[in-house]
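One chain, chain A, links the two complexes that follow: it is found with chain B in the first and with chain C in the second.
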Partner chain A sequence: MVAFHLKTTALALAFAAGMATQGMAAEPTLDLVGPLSEYKLYVAENTAQLVTDTEAFVAAIKAGDVEKAKSLFAPTRMSYERIEPIAELFSDLDGAIDARADDYEKAEADEAFTGFHRIEYALWVESSTDPVQGYADQLLTDVKALDARINELTFPPEVVVGGAAALMEEVAATKISGEEDRYSRTDLWDFDANFAGSEKIYDLLKPLIAEKDPAFVTKTDANFKAVDDVLAKYRKDGGYVSYVELTDADRTVLSTRVNTLAEDLSTLRGMLGLN
Partner chain B sequence: MGQSDRDTGPSRRRVLIGLGAGVAGAFAQEAAADAPMVNDAPHGDAQTAAQSVPFHGPHQAGITTPRPAAGIMVAFDLAITGPEDLDRMLRLLTERAEFLTQGGPVPERDPRLPPADSGLLGPVVAPDNQTITVALGDALFERFDWLRPLKPAHLQRMVQFPNDALVAGQCHGDMTIQFCANLQDTNIHALRDIMKNLSEFLVIRWMQQGDVPPVPPAPDGSTPSARNFFGFRDGSANPDSNDAALMDRIVWVGAEEPAWARGGSYQAVRLIRNFVERWDRTPLGEQERDFGRRKMSGAPLDGGPHATERDVPDYARDPEGKITPLDAHIRLANPRRPETEKNLILRRAFNYSNGVTKNGQLDQGLLFICYQADLDAGFIAVQNRLNGEKMEEYLKPFGGGYFFALPGVAGPGDYLGSGLIAAARSL
Partner chain C sequence: MSDPASNRHLYWAVAAAACLAVAGGAAFYYATLKNAEAARGQTADRTVTITATACEPMELSVPGGRRSFEIINASDRPIEWEILDGVMVLAERENIAPGFRAGLTVQLQPGSYQMACGLLSNPRGTLIVTPSDEAAQAASEVTLRKFLGPLSEYRVYLVMQGNAALKSAQDLRAAIASGDVAAAQTAWAAARLPWRHIQPLAYRFSDLEGRIDARATYLAGREEDPAFTGYHRLEYGLFARNSTEGLLPVADQLVTDLEILKTRLREAPLDPQLLISLPVDTVDRIAQGQITEGENIYAGNDLADLQASVEGVAKLVGLLRAVVAPVDPRLDERIGARLAQVQADIDALKQGGGFPPYATVPADRRAALATDMTGLGAALGALQDVIGMN
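Presenting the complex of A and B:
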């Protein structure tokens, strides 16, 4: 099937001419149309899920149910983390929804610190939903706005293709240390979502690169699998154990795989002829 | 920007200015254009940039080779599972190290792909005295059944000495790479190259950057030792690294080690903070007694007014320590008795400056590195003698570890640790 697909496309010609090697990029191709529209569907599903999950999460906060809200925190974030490269295109909303205390000079005490992590702080550190009633309302409004804006968006191909690596850069730069979900220690849920989001993009593009660069595909498949093998050790009850349980050795494995994936996936845009 | 760009910069400026000003004003304008501009790069030196240290040989470079002005010690954790991984990593590391130390053009790629090189040194990497010295840690040998039996006889995990305040994240590691070069940018370029090319194998555990201030030659033509952050000359009494027989005895491991390890050396690294504010408030006489040397000249205390740092102290004539206190740093570190000959080490330290502590004090100190043929008789014995020294009031060791610097790469086709891999495969 992959072979047939390639045979019928301009990209196949480019490949045949030996242009899509690591050293030389291919011309942009109409072939991206299929993967792009599939990715758009994937994102739409995730933002719809995000709205639904956030409604339940916010309802628990409005009801003052700290325990319920805690149990919904990590799963609710997953659909956001899977599509972060797209969500980040709207920096105002991304900041309001997902910024961390250290993005602000006054950290947790900063008025501008809102969204998931402000609520996380309330649930795990302040042990109360009282301080975040307003933030909860705002979160739901922001998430709905994000859903609406994304649905109207024409996805820039370079953002989608580059998103596979961008998600790995996120993990490498801000998550491997366990600083993302520092109050709840639910970082492994985020990892899972970031990897899933990256792998989704990679899987959609794989048919376009499989024939020309089988070594790339073998290596990248193996790296995603290595990540999954590590994460599998920490899965529990449909979710993940606390980040503090991650051993140093496993953190090293994750870190090397993340960096190698970032390194390799950073060539995807060029391989597919995108600037 | 390459050398050629820098060379054409001013002349291009001259041409442009000349065009604007007309012939009459051109001469004056030209003079102005030759005056240094705010953003002119500091003048580099093509000669030092071209200096290269041979990569092949029985020993790795960066141990007995002269210490250039800039160093970085980086400790890594390795994500390897078997000899095949280690083999692949060492081969790749050898390939990168050979290129980075010998220099050459970086490959060009299609601009739609990330460039193959960070570009920090321009299109042609100048060797700039770069050395890359690879050492393996106790942690690596201990982790694998297929490596443990091959561990060098004295390799062990660094343990806390009485004055230490070790920070877990700044200690130990599976492997270190010591980068040395004339310019720190050259080291940083090499580090980034290795991280980019070996990302699947390694993660940085800790690193420390340091410098040796360049020192002009003395009037007699000799090169004085550079000063550390206590303001004292550091390295005066170091064994002569040009004396091959001496190096064979005190630096390179020999027959008592596994065959694969011969030609290697034990590397002890210590990150030692200096409390410099307090030191600067200490009377000069006390500072000199603490070290056992004069601050300005570096001469031993028992020398006359014209003594130099190369003079050798005579402790036999001062058995009670009236001139050089018995607990002075140099007297404890090397009592210069026949039975302490076996404790000689080769020091290769860098000064570090890491900004400021929470208390508003300068975070400065010594990136202490030493090499020896026997870790127990070398660093460990010397440090045990130094325990309780006067200088401890001004020192706080907080990190480091013990590693084994691999034997050299014999020639093309060989690679770092090839003997270790062969031994592991035949276990």
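Presenting the complex of A and C:
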């Protein structure tokens, strides 16, 4: 009886203590300036790369080279997927660049369906570059606009810190299902980029949280490694095999770890006083 | 084997445990209640239901401040709910599965916003945020958090312009090494620009600044003084003597110094106080020094340098205005007007799209520019009392 009470008490006290820490918001410190600015430099490198890669991708489409365009599709997207927390702040460009067919009433037939996935549909399903000549030009204009807008943007600290979890949630909620690159089955490239983008934010913040919560760091490091170990099995020729080759067992491992990462990383904002 | 002392200890231990159990139980009960309340979403200020075609309701009005929303996905596909300010996403709750509900809490300032309602092809809803004491209080509060974005952005600027300064000095060195005076003159003028951008902070590293930007006027041996190094020593060789002779070691040293500077800029700790004082110090220094006497006395391209300095100051001013605008809109406007006046003065000196030699700028125009620059400094000086943090 006493033992039972002691256990309950310990649990309740731990719970109450947890509530108290959450209620008493930590104040952010100047230590965040380093990680926040390093993150913008990382994003700037990626948008510059996105412009360069998109130029080559669009050139292949303009030249009517379906095979070359197919080979450039997945690698070109990676620099976009790495920086999605920031890129999707611009709703107009995000919609134009990266929307899925089912974001629109008429799906693939909808004229507002543009960008990477409309082109993906042309390359893999329609097997032609003809229907997307205009969309290709528009894509290049849009990524250049994105690059310019991001360079001008003062990054909101809470978006940067929250971005680590946002990327994981995105993978967990929509990407594991294979929704994103449904025509090309290049989903694993996007996973890699989303993980890299999330891990970049986490790595930059790690020195700030290592002292406060070493157990969190140990656990999160292990989860990132587990995800990477699964992905490593599917790497091929500097890229990834088709998403259909992912085994159910590995999909389950990925799903579990990604959900845990999403949940754990979502506490970063609170830990750093940015709720 | 009964030890009365240890029995007494046991008694107190049990009594204490019992007290803890009661307190703990109460805490647990309270926590469970709170949790259940949050789970039912009863604490949300507004509920929005997303159907296949729209938000319900399509128009919402809330008082400004920290507001919570509960979003119910009544459509048959995963959705995200966004509050949009123009094209910018102000806040969003992503990946809400069909049939599920999710919460979003956001700090809102008065204004009219849009709400994303499911499909991109669906019409957008309207969110009206009305003025409130809470919002006014949040806007006028000066916190460290409000400086984090601006400080980080300035650090990015320093890193990028520091890199550009190094790169352009390497180009200048290459032109000097090739012995091409005309190319080296062009490269010299170009190399000055990123240097002027970072000068507000670089100026504070006096050892480096002394080597990088030394001027003969302030040295005992003038142009022959061994301490005459850096940009102006190169300027003297290229423009006064029209030669690259003897300049290569000077260029090498400049490249080395800019490499060191690049690292120092990256490592320099930034804080609100520094951010506020840098543009004031910079414009005051320029108003009292360069504008009257000129600095690039051999090349005579002071106006291009001044333009670059104004750009570097404008970067800082833009970041500070974002902090001060909600706190003191009139000061924000005054700073904006003063900066625009300085920029207009410089633009007005252009001839045929370019800047004339500084020697041709008459004294009254220089005086006017110095006055306006001082005026900008005075407006910026008022920031300390409004958003200063010590």
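Here is the rule we go by: the second predicted complex is superposed on the first by the 250 of 275 C-alpha atoms of A that agree within 3 Å, B and C clash if a C-alpha of one lies under 4 Å from a C-alpha of the other, contacts with A are read in each partner's own complex, and residues count from 1 in each chain.
As a convention for this text, a contact is a pair of C-beta atoms (placed from the backbone, for glycine too) under 8 Å apart; a residue touches a chain by one contact, two chains touch by 3 or more.
Because the structure is predicted, anything quoted here is derived from the model rather than measured.
Enquirer: Which partner does A:74 contact after superposing on A: first (chain B), second (chain C), both, neither?
Expert: Neither partner.
Enquirer: According to the stated criteria, A:274 is in contact with first (chain B), second (chain C), both, or neither; which is it?
Expert: A:274: touches chain B and chain C.
Enquirer: Go through the superposed model and pick first if A:132 touches only chain B, second if only chain C, both, or neither.
Expert: A:132: touches no partner chain.
Enquirer: Return first, second, both or neither, reflecting whether A:91 touches chain B, chain C, both chains, or no partner chain.
Expert: A:91 contacts chain C only, not chain B.
Enquirer: Kindly classify A:227 by the partners it touches after superposition: chain B alone (first), chain C alone (second), both, or neither?
Expert: After superposing on A, A:227 lies clear of both chain B and chain C.
Enquirer: Please name the chain, chain B or chain C, that touches the greater number of residues in chain A.
Expert: C
Enquirer: Do chain B and chain C touch any of the same residues on chain A, and if so, which?
Expert: The answer is residues 273-274 of chain A.
Enquirer: Could you pull out which chain A residues touch chain C in their complex?
Expert: Checking each residue of chain A against chain C gives 2, 5-6, 8-13, 15-16, 19, 27-30, 32-34, 36-37, 40-41, 44, 88-93, 95, 99, 102-106, 110, 112, 154-157, 166, 169-170, 172-174, 273-274.
Enquirer: Enumerate the contact residues on chain A facing chain B in the complex.
Expert: 22-25, 223, 248, 252-253, 255-257, 259-260, 262-263, 266-267, 269-271, 273-275
Enquirer: In their complex, what parts of chain B are in touch with chain A?
Expert: Where chain B meets chain A, its residues are 77-79, 107, 109-110, 112-114, 195-196, 199-203.
Enquirer: In the complex of these two chains, what residues of chain C are touching chain A?
Expert: Of all residues in chain C, those touching chain A are 14, 17-18, 20-21, 23-25, 27-28, 30-31, 34, 77-78, 82, 84, 87-89, 92, 94-95, 97, 116, 119-122, 144-145, 148-153, 155-156, 159-160, 269-271, 319, 322.
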